[in-house]
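Shared chain: chain A. Partners: chain B in the first complex, chain C in the second.
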Partner chain A sequence: MKGWVVPVGVLLFAEISARLFGITSDSLASPSQILAAAWSFLSTGVLFARSAQTLLAAVSGLLIGGGLGLTLAVLLGLIPPLSRLLRFPIEALRPIPSIASLPIVLMIYGFGYRMEIAIIAFACFWPVLIIGQSAIVGIEPRLIEVSRVLGLNFFSRVTKIALPAALPRLFVAFRQAAAVSLVVAVTVEIVMNPQGLGYELMTAQNSLQPALMFAILIYIGLLGWSLNAVLLLAQKHLFAFAAVPRLNA
Partner chain B sequence: MPGEALEPSAGGGASANAIVQLRDVSLVLGGRPIIDRMTLDVRRGEFVCVVGPSGCGKTTLLRLIAGLLRPDKGVVTYNGAVVAAPANDVALIFQDYTKALLPWRTAAGNVSLAFEARRTPKAERAPRIKALLDKVGLGEHADKYPIQLSGGMQQRLQIARCLAQGPSVLLMDEPFGALDAITRQTLQDEVLRLAAAEGTSVFFVTHDLEEALYLGDRVVVLRPNPGRIAEIFDVNLPRPRDQLGTREHPEFLRLRRQLFDFIEGHEE
Partner chain C sequence: MTRIERTAWSAASVGVGVLIVAIWQFVAWKQFVSPIFLPGPDKAWAALIEGFKSGSLTQQTFATVQRMSLGWILASLIGVSLGALIGSSRNARDYLGPMLEFVRPLPASAIIPVGIAFFGLTKSMVLGVIAFGTIWPMLLATIHGFASVDPRLLEVSRVLQLSRLQVIFKIMLPNAMPDILAAMRLALTIALILSVVGEIMAYQGGLGSHILEASRAYHSADLFAGVIVLGIIGLISNLALTALEAKLLRWRHP
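On to the complex of A and B.
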């Protein structure tokens, strides 16, 4: 309940001050205007098409970048010599801001989804690689010994021991990357790709519609929040074994 | 160099009858000598117990025999061939059963892992898993997760998974150290029964001298820093062993005194 005090207060303050002082601005709008803009925009149906574009790009980039990051994380986590070999290149490439790769990616793929997805994949690759590798390295060493004594081959060791053991932490990496994917998707759309929610946001700004702009902004926030909520829910169901009550320890 | 001719056994007993042999085995880890020139035979069907203070390389010795570690000097052989990697009929039971079980798999799923590793056909697994769980008294708990089982039950589950390997050699690393006295006695008798029934050789590390005498055909006493063999005691007590009868047997009491005196005499 207490969590709502500040947001509701801010909204009320914004609404009251907007009405009292009759602000007309190209950059601000009252909450009621934003709500009205949101409502009229919702009824056009454009929002859903734009959301689908953004989400499709974000999810594709997440799957590609996350998948590559996870594969490399598992290899690096289980094969220490490889990890030592690649430590420097990874540390050198990792600090590059994903959006800085835009000019290069643009040259390769031109405008459009492929460019956007490639940049999102690049951005999602790193958190999954870094958190994933530490998750794999952090697996209970006893489990690795068990897998060796039982004679599991490398593939089974990955699928039956390493991935399930690291899964809770890998999921954290995945959630982190999911948040990144949405941020980068909207950024690329604002800067370069005339599609999706980021583009719609820019259109609203260019056509001096602050109410619509704020409406889309809030919508993007809600979208990110729901994405995380869905993943959190999935996390609870996936790792039910960790929550099984202890009988008599 | 498998099949390399080995010198005649130095540790007593015909080497043809030995299933595991250590010859002048030394190991250095992190610049520190852990094991120093150990020579020892484990005969087929024999129950060998290893005791010694911490830092004497008991656990390392198990890992060497299991093929998880390789010696710097000397050789470890299993069935006459040099041990280079874990053999699939040598099972290792860890002391920390909570860490050795897969928490995301049920009891049946944990046993199944051993069959999956051996590529046992799917149709055969279920009945064999059930038989093994019944054997260790967990038949009713097949669908429970390790965290839902008591310590003794978890250790039984680990034993069931190792039995699924159909082991010729069972390596046990202080398996009952964390269990209460009653559970420990029950499991001691179960292991004796299982090993006798299958003719399994057992290499059993413990810090409990009485446990070593109660279970073993021989008790190997190690000395620390670096770990080496101090003495080997033959335990000539009748089998099957019995928690009351064996522990009151004059020979048990004599050996107990001898073992305690020996270890006390070597403490620095």
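On to the complex of A and C.
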């Protein structure tokens, strides 16, 4: 209840001051104008199409980058010599900011989905690799011994022992990567790629429609917030048994 | 594992890195990938040396590091002091907490159009975006660290009749320090990303503008040189903060 006081107060203040002083601006809009812009934008259906573009790129990049990261995480987690050998190359590549790959990928793919997905995949690869590897390494050693006693081959050791045992923490990795995927998707669209919500946000600013700009900004915020909330809820219900450490809560 | 074994593994790991560069050189030399997209490590290295010799790359690197550090320091100061104010008062936490949690998942770059609307494509816009985008991890970590103080410590402070300032500096801040330092490390990574994003968009010099220009002109060697420098900046800043963290938090592991 108390959490609503300040936001509602700010909105009221903005609305009243906008009405009182009759501000017309290229950079500000009153809450009621933002609401009206959101309403008219919703009815055109553009918002739906733009959201679909952003989400498609984010999900594809997440699946590709996360899948590759998970594969490498399992290999490195189960084969310690391999992880020792690859430590230096990984530590050398990891600090490259994902957005720095944009000009390279842009040269190769030009504008469009492929470029955006490649950058998202690059960005999602690292959190899944790092958290995933520590999740696999953290598996109860007796489980690995059991799998050896049972004479399981490498593949069934991965699918029957390692992945299920590490699942709660792997989900944390997935949640982090999902947040990263949305952030990077919107960033790439704002910076370069003429599609998706980020581009729509940029267009609204360029065409001096602050009400629409704030409406889209709030919508992107809602999207990120609900994604995070849904995944947190899923984590709580699915893995209630395995008190997952709060990494970024 | 003995020290000799560990050194051997590290050496082998560096060897793998060298091997990867050798494969890269081979692929570039045989032109399996068009040299327009993929320069060999020799060309990238030459561009790197040339860039630092002529001073242009040095200047861009300096501009980016300056922007990143300035935005990060600004965000640290504001984030930690605001976080201390909010975190040390139960009322402030109740009133402001939910709103902050809502803003946190917002992509920091989404604030760029708003920044442009207010400041135009200027240096202060880029700096403002960096500061605004990096402030959240530190603000929330500080609030969390201040809020999670063991109640018994607060009781002790009451018995000792410490003033509110003394409680903040002697009990709450040390308690929040591990969270704050971890958040500062994360924030520095975000600051570097936002510097590059800002430079790409606003064309205000720096490595972001440098790599974008190189890519537009298909000067892939310059482009790779710029990306390598960015990686090194990320690596060094991360190592420095990890070392600082270990030093400042030594009291936790006697």
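Following the convention adopted for this analysis, the second predicted complex is superposed on the first by the 235 of 249 C-alpha atoms of A that agree within 3 Å, B and C clash if a C-alpha of one lies under 4 Å from a C-alpha of the other, contacts with A are read in each partner's own complex, and residues count from 1 in each chain.
We take it that contacts are C-beta pairs under 8 Å (C-beta built on N, C-alpha and C of every residue); 3 or more make two chains touch, one makes a residue touch a chain.
Here the structure is a predicted model, which is why all the values come from computation and not from measurement.
**Q** Just chain B (first), just chain C (second), both, or neither: which does A:Pro164 touch?
**A** Only chain B is touched by A:Pro164; chain C is not.
**Q** Would you check which partner chain A:Val186 touches, where first means chain B only, second means chain C only, and both and neither mean what they say?
**A** Only chain C; A:Val186 stays clear of chain B.
**Q** With the two complexes superposed on chain A, say which partner A:Ala37 touches: chain B (first), chain C (second), both, or neither.
**A** It touches nothing on chain B or chain C.
**Q** For A:Glu145, select first, second, both or neither according to whether it touches chain B, chain C, the two together, or no partner.
**A** So A:Glu145 only meets chain B here.
**Q** Is A:Ala135 touching the first partner chain B, the second partner chain C, both, or neither of them?
**A** The answer is neither, since A:Ala135 touches no partner chain.
**Q** Check whether chain B or chain C contacts more residues of chain A in the superposed model.
**A** The partner that reaches more residues of chain A in the superposed model: C.
**Q** Which of the two partners, first being chain B and second being chain C, lies in contact with A:Ser156: first, second, both, or neither?
**A** Once the two structures are laid over each other on A, A:Ser156 reaches chain B alone.
**Q** Just to be sure I read the superposition right, which of the two partners does A:Ala58 touch: chain B = first, chain C = second, or both, or neither?
**A** In the superposed model, A:Ala58 contacts neither chain B nor chain C.
**Q** If you look only at chain A, which of its residues touch chain C in the complex?
**A** Interface residues on the chain A side: 2-7, 26-27, 84-89, 91-93, 95-104, 106-108, 179, 182-183, 186-187, 190-192, 198, 201-202, 204-205, 210, 213-214, 217, 220-221, 224-225, 227-228.
**Q** So in the complex, the part of chain A that touches chain B is made up of which residues?
**A** The contact residues of chain A facing chain B are 140, 142-143, 145-152, 156, 160-161, 164-165, 167, 241-242, 244-249.
**Q** For a test of understanding, state which residues of chain C touch chain A in their complex under the given definition.
**A** These residues of chain C touch chain A: 9-10, 12-14, 16-17, 20, 36-37, 94-99, 102-103, 105-114, 116-118, 189, 192-193, 196-197, 200-201, 207, 211-212, 214-215, 218, 220, 223-224, 226-227, 230-235, 238.
**Q** Tell me, which parts of chain B touch chain A in their complex?
**A** 66, 68, 85-86, 88, 90-92, 94, 96, 99-100, 102-104, 113-114, 116-118, 145, 147-151, 161, 165
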